[in-house]
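Here subunit A shows up in two complexes: once beside subunit B, once beside subunit C.
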Partner chain A sequence: MKYSYYPGCTLKTKAKDLDAYARVSAKALGFELEEVEDWQCCGGVYPLGKDEIATKLSSVRTLAQARDKGQELVTLCSACYNVVKRVNEDIKNDENVRTKANNYMQLETPYNGETNVLHFLEVLRDRIGFDELKKKVVNPLTGKKIGAYYGCLLLRPGSTLKFDDPENPKIIEDFIRAIGAEPVIYPMRNECCGGYISLKEKEMAANMCVSIEDNAAGFGAEMLITACPLCMYNLNKNSQGKLPVVYFTELLAEALGVKEEVK
Partner chain B sequence: MHANNQAEKIKEISGVNPYKCMKCGKCSASCPSYNEMDIKPHQFVSYVINDDVEALVESKSLWKCLSCFACVERCPRNVEPGKLVDAARQLVVRQRGMDYLQADEIPELLDSELPQQLLVSAFRKYKR
Partner chain C sequence: MQRIGVFVCHCGSNIAGTVDVKRVVEAIRTEPGVIHAEDYPYMCSEAGQQLIAKAIEEHKLTGIVVCSCSPRMHEATFRKAAANAGINSFMVEIANIREHCSWIHKDVEEGTEKAVILARAAIAKLNLDTPLQPGESRVVKRALVIGGGIAGIQSALDIADAGYEVDIVEKTPSIGGRMSQLDKTFPTLDCSACILTPKMVEAAAHEKINIYTYSEVEKVSGFVGDFKVDIRKKARYVDSTKCTGCGLCQEKCPSKKAPSEFNRGLNTRSAIYTPFAQAIPNVPVIDTENCLKFKTGKCGICQKICAAGAVDYEQQDEIITREYGAIVVATGFDTIKLDKYDEYAYSQSKDVVTSLELERIMNAAGPTKGHLERLSDGKAPKNIVFIQCVGSRCSDGRGKSYCSKICCMYTAKHAMLIRDKYPDTNVTVFYIDVRTPGKNFDEFYRRAVEDYHVNYVKGQVGKVMPQPDGSLLVQGVDLIDNKQIKMNADMVVLATAIEPDPSVRNIATMLTASIDTNNFLTESHAKLRPVESPTAGVFLSGVCQGPKDIPETVAQAGAAAVKAIGLLAKDKLTTNPCTAQADILLCNGCSTCANVCPYGAISYENIQINDHGIREERRVAVVNNALCQGCGACTVACPSGAMDLQGFSNRQILAEVDAICR
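Then we have the complex of A and B:
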C-alpha cells in the first residue's frame, strides 16, 4: 500500500527522527510513504479567519497532488495534520474558500476536497490495525509505563478532525499496548503545552509544561510520547529533566526491531 | 474605524454569532491561559456584543491565547470564543506597523533546539 506523505518543515530539520523512524517502521509494516513533490510548509497553525484564502493554498496544493495520484495523504506532525485536514474540510464545506482557492490556483482539475487526510496513527489503527501491529512486534516494550501526550492539535476541534474522542482519547494508549508497554492515563494528556506562546512568553509555556509533566509523573508515567515537534520542544525545555519525552515513532521502530536502521 | 464597524468586522472574520452565548463560563473554566488574561474568554464575548472593541484590541489576552481550541471544543452554543480572540488579533496585526513579532527579534529568541514549526506558527499569529 502506498500513501502520499506530507512531512512538513520541521521533520526535515529539527525533527528528523520523527520522520526517519516512521519511514523504517512503515517499511516493516508493509506500506510506503511517498513524499509529495514540491510540498510547501502548512504554516504551522490553521488560519482561523473566515476571509483567509492565501494562507490555505499550500495545503490545497499538497491535497490536490495526493488526489491526482489517487492516494490518501498521511502526515506525522500534529500541526500539519490539524492544518491540512481543516483546510480540506473548508474546501469541502465552504463554497467561498473552494471557489476562491480554485480560481487562484487554476489547476487542471479543480480541487474539491477529494483527498482523505490521515495521521500516521490513524494508518496504524484503521488501515493496519493494532492487532496486526502487535503481531509484528519483535521487541515488545514490556514493563515500560508510558504516558500518551496528545496536546491540542490531534484532537481539536473534534467535529472536524474526527481523530478520536477529544476528551477521552485512546488511540495512543492502544498504540502503547500494541507495542507491549503499559499506558498511563493521566488527566492532563489533552491539555495544551503552550504551543507558539513559548517564543515570546517563555514563562507561561514553562508553567503549563511543568503542570503536565508533574501530572503525568504523579500518575506513574516514566516517559511521555508525542507526535508533535513543538510539544516535544516545549516539554523537554521545561521538564527539568523529570520525564523523558520521545516521538511515538521511535518506540514503534524499536518494537518492530528496525530502530538500528536509522543512522 | 468606528467602534461598531470593528465589532462587525470581528464577527465577520470569526464567523461567530456572539449573541448565542448563554454565559455558562465553560470557555473560561477550560482556558489554560485564564490566569494571564486581563479580559477572560467569557468576558471577551460580552465586549464584542457591547461593541467595546477598543478595550479588546488593547487587551493582553490577544497575546496570551494559545489557540488550543479548548473553549471552541467545549462551547455548548458554538460561540467559540477562541475564534473571536483570533479575529480581534487579526484586526490588530492587519494594520500597518502593528505586528506583534518582528523578524529582527528572532535571533535573540532562538536556541539550538527550537523547531521551525514554532517560528512559522508565531509569525502566522503575530504578523501579517
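Then we have the complex of A and C:
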C-alpha cells in the first residue's frame, strides 16, 4: 500500500526523529510513504479568517497532488494534520473557498476536496488495525507505563477532524496496548500544552506543562508520548522534567525491532 | 351559478398595512359569480358579522369568501355567521391574506397582488362548493391518562372528581413518577413523598379511577370521543389479588444484584421488587432478566415462602381493550445521557453525579440512607461544586437548545440544604444565568446566597479532572473577575438537562399527535390552546409538553383535565363532513387508498355494478365516514381518480390552482 506523505517543515528540522522512526516503521508494517513533491509549509496554524485564501494554498497543492496519484494523504505532525484536514474540509464544504482557491491555483483539474487525509495513527488504527500491529510486534514494551499526551491539535475541532472523542480519546491508549505497554489514563491528556504562547508568556506555558506532567506522573505514568513537535518542545522546555517525552513513532519502531535502522 | 359575496378585512393595520384592501375589492368584483364585494376594518367583530349577514340577505348570496386571517383563527366564526344568516356553513371560504400574505411581505404592491390571487383562488373554489351536512358521533364517557406521575395523577383525580371514569396506564410497577424520586421540593422545602403519597393513595382509592401499572399502551384506533385502546398489562408474575404486600419475597430473594431504577442505579435491588416503600400498588414484580428461576430454572424461593401463594411464574402478558372519549398524555421526562459530556468526568468518577442522583443520595430511603457521602469512598464531601446548564441552552448540538427551567431552583435547593445540614461544607455553583421567575422563587435563591453563603460563580466549567488522590480538580472561568479558576472538589453535581421520556415518540405516533424536534408534544396553539394537542381529543399534561416544575405541572394537569371533562360532558359530537368518498364506477379495488389511510377508515366491498349494460361484481373501496378525518391522503394516492374529498374535491383544488396561475 502506498500513501502520499506530507512531512511538514518541523519534521525536517527539530523533529527529524518523528519522521525517521515513522518511515522505518511503515516499511516494517508493509506500507510505503511517498513524499509529495515540492511541498511547502502548511502555515503551522489554521487560518481562521473567512477571507483568508493564500495561507490555505499550500495545503491545497499537496492535497491535489495526492488526488492526482489516487492516494490517501498521510501526515504525522499534529499541526500539519490539523491545518491540512481543515483546509480540505473547507474546500469540500465552502463554495467560496473552493472557487477562490482554484482560481489562484489554475490546476489542470480543479481540486474539490477528493483526497482523504489521514494521520499516521489513523493508518495504524483504520488501515493496518491495532490487532494486526500487535502481531507484528517483535519487541513488546511489556510493563512500561505510558501516558498518551494528545494535546489539542489532533482532537479539535472534533466535528471537523473526527479523529477521536475530543473529551475522552482512546486511540493512543489503544496504540500503547498494541505495542505491549500499559496505557496510563490521566485527565489532562487532552489539555493544551500552551502552544505558541510559550514564546510570549513563558510562565503560563510553564503552568500548563507542569500540571500536565504532574497529573500524568500522579496517575503513575513513567513516560509521555506525543505526535506533536510543539507539544514535545513545550513539555521538554517548560515542565520540570519529571517524565521523559518521546514521539510515539520511536516506541513503534522499537516495538517493531527496527529502531536501530535509524542513525 | 353561485351568488358570491367577498368580504375583505383590514385587521386594523395587520392586513391593511401591507395590502391595499380597496384595490383587492375592486380587483375581484369582476370574478365569475361575485355579485358583491366590500371591505371593513374588523370583519370578525360583531358589526363585521352583521355586515356579512346583511349582505347575504340583501344580495341573496349563496356563498361567501372572507379575506382575513388564517382559517384556524376565525373560520368557525364566519361559518356560524353565515349559518345564522341562512346559508350552509360549508359555503364559506377563507382567503388567508394575513399569515400567508400581509405578515410576510413588506412591499404593498407585492402584498396586494398576492392578496388578489389568494382571493381569486378562494372564489374559484367556492364556485364549486356544495352544501354539506355534518353528522354526529358518540362520546364514550371515560378518559385514559397515559403516565402515572404527578401530572397523570392530578389529571386523573380532577376528571374522576367530575364524575367520569378514568384509567391510568403507567409503564413502571408503581405510580408516582419522577416526583416520588425527589427528596425535598422548592421553594417551600417540604418533603416530596409527604405531599405526593396522599395523592397516590387518593388516586388508588378513588372509585372512578382504575390504575394499570406495569402496563403500556400498545395500539390506539378511533377518534375524538370514541378511541379504542389496547393496553398491554405486562406479566408481574405476582397475582395482585392474592399478594398482601408483606415484602418477605424481596427480603429472601437471593438475586440482589440488579441496579435499582428508582435509585438511578446507585445501589441494587432484588429480582422480585417493588420500586420503593410507598409504591402503589404495593405488589412486587419479577424482573425476569435477573431472576434465577427465569434464568436457570433453579430457585423458586419467593414462591415457596409466599404465604398468600401469590407468586405465579406462569403468568402471561394480558391485552386489555377499552374505549375512551378523551386521552390525556402525561408521559413525563428523564435526564439526558451524559456520554457527550466527557469533560465533566461523569463516566470516569463515581463522585460526579447528576442532580437527580443527588436527590436519591439526600433521601432517607436512598442508597446512603440520606447521609451526604461520596459514592467512591463513603467519606463526607467538604467541597462540593454544582455545574448548571449541563446539556441545557446548548448551541453546539451535543445537548438541548432549550432551558430546562427547573435546574436553577433545584440547584439552589440542594446548595441550601447541604449548607444547612453540613455547615462546614463549602458549596460553589457555576452558572450561566440564574433564572428564578416564579412565586417566591427569587427570594429562595437569594436566601441560598445571602443566608447560606453559597458561593455563586458566573461562568462555566471547562473540565473536571479526577486526581490521583481521589479528589476532583474543577477548572472553570469566573466571568465577573475575568479569571481562570481551578478548585478542588470532593463531589461534583451536574444539573443535567431534562428531555421528554423516550416512550413519548411511540405514543405520539399511535395517537397521531405531533411532536417537535426535541420530542416535546406540540400544543394546538402555543398561547391560546396550550394543553390541547392538534389531534382532537388528545390533551397534554406535564413535562411531555415542555419543561415544568411541580406547581406548573399540577396547574397544567388540571387544565388538561378541564378540557377533557368539557369533551366528556358532551353526549354527541358533530363530525366533519369533509370526508372522502369513492366513485364506485371509477374504483377498481386496488387497495392503494387503504394502504395510505392513517386512520384505517377504508375497507372493501364486493358490489354488483351495471356498467354500460354489463352486469358484474366488482371490489370497491368504502369509506367509514366516522373514522375518516379528511386528510386527503387517499385522494392523492388513488391511481384512477375515484377518491374524492367532500369540500376539497379534486376539481376544486385544480380550480384554485388555475385561479392562482391565471
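The criterion applied here is as follows: the second predicted complex is superposed on the first by the 263 of 263 C-alpha atoms of A that agree within 3 Å, B and C clash if a C-alpha of one lies under 4 Å from a C-alpha of the other, contacts with A are read in each partner's own complex, and residues count from 1 in each chain.
The rule is simple: a residue touches a chain if its C-beta (ideal position, glycine included) is under 8 Å from a C-beta of that chain, and two chains touch if they have at least 3 such contacts.
Here the structure is a predicted model, which means the values were calculated and not measured.
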Which of subunit B and subunit C A:149 touches, first, second, both or neither: neither
In the superposition, subunit B vs subunit C on subunit A residues touched: B
Partner chain in contact with A:215 - subunit B first, subunit C second, else both or neither: second
Partner chain in contact with A:165 - subunit B first, subunit C second, else both or neither: second
Touching partner for A:130 - first (subunit B), second (subunit C), both, neither: neither
Contacts of A:6 with subunit B and subunit C, given as first, second, both or neither: neither
Touched partner set for A:191, first subunit B, second subunit C, both or neither: both
Doubly contacted residues of subunit A, that is, touched by subunit B and again by subunit C: 167, 191
Interfacial residue positions of subunit B with respect to subunit A in the complex: 12-15, 32-33, 36, 63-64, 66-70, 72-73, 82-83, 86-87, 90, 100-101, 109, 111, 113-122, 124-126
Complex contacts: residues of subunit A adjacent to subunit B: 8-10, 13-15, 41, 43-45, 47-51, 55, 77, 79, 152, 155-158, 166-167, 191-192, 194-201, 204, 208, 229-230, 232-233, 236-237
List of subunit C residues in touch with subunit A within their complex: 341-343, 345, 347-348, 397, 463-469, 473
Touch list for subunit A against partner subunit C, complex: 159, 165, 167-168, 187-188, 191, 215, 218-220
